[in-house]
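Following: one structure in structure tokens, then a few remarks.
Think of it as A, B, C, D, E and F in the order they're written, each chain with its own count starting at 1.
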Amino acid sequence: MSTSAPPITLAKMRELFYSAVVCDALDGLGYPRQSPRVPLRPLTTQGVLIGRAKTTLWADMAHPDPRPYELELKAVDTCGPDDVLIAAAGGSMRSGLWGELLSTAARRSGCVGAIVDGAVRDVANMTAMGFAVWARGASPYDSKDRNRVIDIDVPVEIDGVRVAPGDLIVADIDGIVVVPQQVEAAVVRHAWDKVHAENKVRDAIAGGMTATAAFNKFGVL
Amino acid sequence: MSTSAPPITLAKMRELFYSAVVCDALDGLGYPRQSPRVPLRPLTTQGVLIGRAKTTLWADMAHPDPRPYELELKAVDTCGPDDVLIAAAGGSMRSGLWGELLSTAARRSGCVGAIVDGAVRDVANMTAMGFAVWARGASPYDSKDRNRVIDIDVPVEIDGVRVAPGDLIVADIDGIVVVPQQVEAAVVRHAWDKVHAENKVRDAIAGGMTATAAFNKFGVL
Amino acid sequence: MSTSAPPITLAKMRELFYSAVVCDALDGLGYPRQSPRVPLRPLTTQGVLIGRAKTTLWADMAHPDPRPYELELKAVDTCGPDDVLIAAAGGSMRSGLWGELLSTAARRSGCVGAIVDGAVRDVANMTAMGFAVWARGASPYDSKDRNRVIDIDVPVEIDGVRVAPGDLIVADIDGIVVVPQQVEAAVVRHAWDKVHAENKVRDAIAGGMTATAAFNKFGVL
Amino acid sequence: MSTSAPPITLAKMRELFYSAVVCDALDGLGYPRQSPRVPLRPLTTQGVLIGRAKTTLWADMAHPDPRPYELELKAVDTCGPDDVLIAAAGGSMRSGLWGELLSTAARRSGCVGAIVDGAVRDVANMTAMGFAVWARGASPYDSKDRNRVIDIDVPVEIDGVRVAPGDLIVADIDGIVVVPQQVEAAVVRHAWDKVHAENKVRDAIAGGMTATAAFNKFGVL
Amino acid sequence: MSTSAPPITLAKMRELFYSAVVCDALDGLGYPRQSPRVPLRPLTTQGVLIGRAKTTLWADMAHPDPRPYELELKAVDTCGPDDVLIAAAGGSMRSGLWGELLSTAARRSGCVGAIVDGAVRDVANMTAMGFAVWARGASPYDSKDRNRVIDIDVPVEIDGVRVAPGDLIVADIDGIVVVPQQVEAAVVRHAWDKVHAENKVRDAIAGGMTATAAFNKFGVL
Amino acid sequence: MSTSAPPITLAKMRELFYSAVVCDALDGLGYPRQSPRVPLRPLTTQGVLIGRAKTTLWADMAHPDPRPYELELKAVDTCGPDDVLIAAAGGSMRSGLWGELLSTAARRSGCVGAIVDGAVRDVANMTAMGFAVWARGASPYDSKDRNRVIDIDVPVEIDGVRVAPGDLIVADIDGIVVVPQQVEAAVVRHAWDKVHAENKVRDAIAGGMTATAAFNKFGVL
């Protein structure tokens, strides 16, 4: 792909990209640790979620919250188009801290999905409305007096992987990948190239070439 | 809902209730710990299971059982209409202690589903017959000489949540909720009210109100 | 079943067998520990996978691999008809060590599925191509410089269950069963008999017999 | 023990009480869930720690803290005599959030020990200074920009056990017990009685009585 | 060691044997899976515990026990000399199911130690009395209405390792080994030989021989 | 400390350094992830282990090893003075892969201790000989046909922290820190300065200054 090529838009990425090929591009550029190794699974959708990180940092709590929901409501009301809501809750299963009403409000602001390192609730309704959610699992408990947002729009971590506001997020059934902004342009180009290279390998193997020969010829797997 | 309203039947609950709204009602009445925080997932069905607890207490074992299956057979043969079989096995993955034949027999007695804090087997066949089962996972091992029922119709615990015979059980993809009998009537009324209140919030947000404004107006989320 | 009966082919087994009934046959013959008790779930298919073990032994690594993919490519290129690729990786989630291209190559050699005691990637594409894969979970990371095959065609273990090259493998949603070769003929016969015995119990219970009476009459559950 | 007996002081409790006997007293009064079932071990001392809860609530974080250490410094500087610092960090191993300098400052305020549901550092130095610390484990990382206190002097939970400011805490190698204030007087009396009853059983068994006979005679074990 | 050598008594084993050398002997005789791979650590003693298994099988429970302590009291009262009490509780941390009074009673019957696949209490007092206990950890909770013995003197399993009444048990800080009775005589002889062979290797290496050369010469490590 | 100061030797570091202060120095230089967050505890010694990494990479296995012990023997025989043997086994508890004879041989080559991300055996004897070992735990199983070294003197990872041959290692009861070579000189100087700064804070607090005031004055904690 020449350097004068037009930029690859999010819409274009959504047609072609998937988490594995983005990971491979990051590997090639020296960023080998950009996917959390925790079981965050898509609970409501199939397919690939691509967007930009809108971060929230959560804490567990066990006392009456003086301002329940305050910062999480602010977060959903300040989402912009193509945002992916990141809920960094350290894997907490204390409550279903994300649910149908927050999804409805976030979508209205342009948010395209949520990655929750914790539990969610209303899985059936979020599935029905087609809102994309990745999470550790589900819990019927309300977050009130159990979990609360303590900061929004700050860098957070999921399993040691840093997610900064605005980072490109690519999530699918294989996992979640975070693309740091300083390397995004190069990663997108490499991923684009890899998508096309893999097609050749796939065709060659499907056409009868051994895997060993295909790897020797194309150099990728 | 006025206090002279007609009672809300199990059939009515099955149309309207789900685990999260029942948890919220329990929260409002001072019962904030009625849903086990262990990964008990629906393996064979979608939708909501509502009924009354029929309890069995299980133990691991590793020697020839002098009376294999005895108490579990008695439990399924004494199920009544609307019963939900509770298998309190402490999360044991030692065998698939519930399966197709027990499901068939239990259903014949009126049992509407099973919650197994352990492993089950025959998942494909139980799915085909439409019998609702929540479990930690699956195992192809028979329970004989691996697990056995040591008591039936006694209070049991799942992850510290007490389940007494006859307790109202509400389970769906978000989780499992146990309603203690002394508070059941109030919980059912509160849940009924919350179902309708949530509809208003959902409509308001879908209609363009911010999440913050909706919470300030309706006081629920 | 008389001893002069014709042999039961893999094709025949695929119509009738499932993991639980094979476990029961192994129990009856004194082999009670032939199914790993680790969460290896079918990620790409429903139904039963039956074939013969083609083993690979994997190790984690973190340095530049002098010969990346070498032995795994050799393994897929030397698969034969009805082989089930066994990737013994000790549950490693370090990378998606099996994926679409390897599946394509392995299938071309006759391989009917893969059991990966670790993570895989390309789950969506492997689902689309209908290649049967059991795994601990998924990861978008390439295996290069993260995991490599250190031996093929040797006995391996999954959760302490030995899998030797050529062993009969039966896997479905309930779990995975390994049939040692020295007992395979007897296990197959016993499983065949059990399949038919269970049908009688199921019919009797469905016809109104209590579970207790059915067990007393037929002696199986 | 008659109701007109003089109050049992903390000093007296420190001579006689241990966590098991206090748990037994709580059991007898209908409080069966007052000891967290998480591995919080004494890292720096042997013996029993008894005092009153001074609570801090912690959150994980991954961005530059605008006011590092602020609330944890306030907590240690506002400890009073006989306080036991409670760090409710949800089991976080992200940093050694308690260490030698905080121990030195807390002790100067009268604090007699710390219960950290997370990691600590400076274990060797805290052992040398004889400061009693229970924790999940150790970590050499500083808490700055990794963990911070988000609230002090509020009720917190450790593994679902509520700890309110001022609650009586009894910790030793067997575990940690929290005595709710509304039942403290009765628990202390029951524990006192149980200490003496156990001495009789112990003497009887040591003197040759079978365990069965001793339990039948004394009714406690 | 000639076949006419006098039998190796438990007293002699206690001078010379340790868990690793007994494992090696079992390996050599084709018994490679005789040590549970769960964290059962010595809580009260250093040194090696050697004796014969006196088995108890435990279950979790959560309802009023009609006959509290009954079978566990019977077990300790029927211990004989050199018995090692085995509490197979499946790793349950629900209560401290073994403690000082049971230790006192068991010792009086000749019992030399306890292996508890679960939690114990009274660790400080059991340490003071020098009673050897291996366990998963500690808990201050009484076992009453939490755990109970459901069988004694039957074969049990710890992490899949079968322990039959009378089996030789060797436990130390490295772990726990169970010697099946049918192979005990041969294992004891092999272990005896290995103890002496290791001394030679140790001396050779300490004397300057490389590890490679020592292994090549002596064939053991 | 002026830049013309004499170099700080390993011997000097052993007098003054500990893992926490080295972590703090790494934090200050932008290396915040140099200590594995896995429970690697000192099993045989108290105090601080400081030396240079001598790496070995291990794999699990379950078949007869054609060349048992080969590479591990080579590793211990090629250790040099001040080496710390690193066994990167991914946390495997499959065998006690390090023990007394390897310790004896390694020490003879100058090796000062071992960090084993897995299990060890002969803990009592290694304690008696004063050989410093950090490990996940212990196991009496021999490594033969269970684990083997597949590479030596290559970069390895422990919980995602890279350890290259020759890296400075600092381990104590708080944890293990790896200092990358490109930043070693600066880390050592910063740690040296921090050791002295902490002494001032400790003295100030011990002398009556509040923790808040001390942090405001000295800027470190």
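Note that a contact is a pair of C-beta atoms (placed from the backbone, for glycine too) under 8 Å apart; a residue touches a chain by one contact, two chains touch by 3 or more.
All figures in this text were calculated on a predicted structure; none of them were measured in a lab.
Engineer: Would you mind naming the chains that touch chain C and likewise touch chain F?
Structural biologist: A, E
Engineer: Trace the shortest sequence of touching chains from chain C to chain D and report its length in steps.
Structural biologist: When the steps are counted carefully, the minimum from chain C to chain D is 2.
Engineer: What is the distance, in whole Å, between the centres of chain A and chain C, each centre taken as the mean of its C-alpha atoms?
Structural biologist: Each chain reduced to its C-alpha mean, chain A and chain C end up 32 Å apart.
Engineer: Express in whole angstrom the distance between the two chain centres, defined as the mean CA positions of chain B and chain F.
Structural biologist: Spacing between the chain centres: roughly 49 Å.
Engineer: Need the CA-centroid distance for the pair chain A / chain D, whole Å please.
Structural biologist: That pair's centroid distance is 40 Å.
Engineer: Give the residues of chain E touching no fewer than two other chains, as numbers and ranges.
Structural biologist: none
Engineer: If I apply the definition of touch given earlier, which pairs of chains qualify?
Structural biologist: Inter-chain contacts occur between A-B, A-C, A-D, A-F, B-C, B-D, B-E, C-E, C-F, D-E, D-F, E-F.
Engineer: Which residues of chain A touch chain B in their complex?
Structural biologist: 68-69, 73-74, 76-77, 93-94, 96, 99-102, 104-106, 108, 121-124, 137-142, 144-145
Engineer: Which of the residues in chain D end up touching chain A in this complex?
Structural biologist: Interface residues on chain D, with respect to chain A: 57-63, 88, 90, 92, 150-151, 154-157, 162.
Engineer: In their complex, what parts of chain D are in touch with chain E?
Structural biologist: 18-20, 22-24, 27, 32, 35, 37, 39, 46-47, 172-177, 198, 201-202, 205-206, 208, 210-212, 214-215, 221
Engineer: Mind pulling up the chain C residues that touch chain E in the complex?
Structural biologist: For this pair, the touching residues of chain C are 33, 160.
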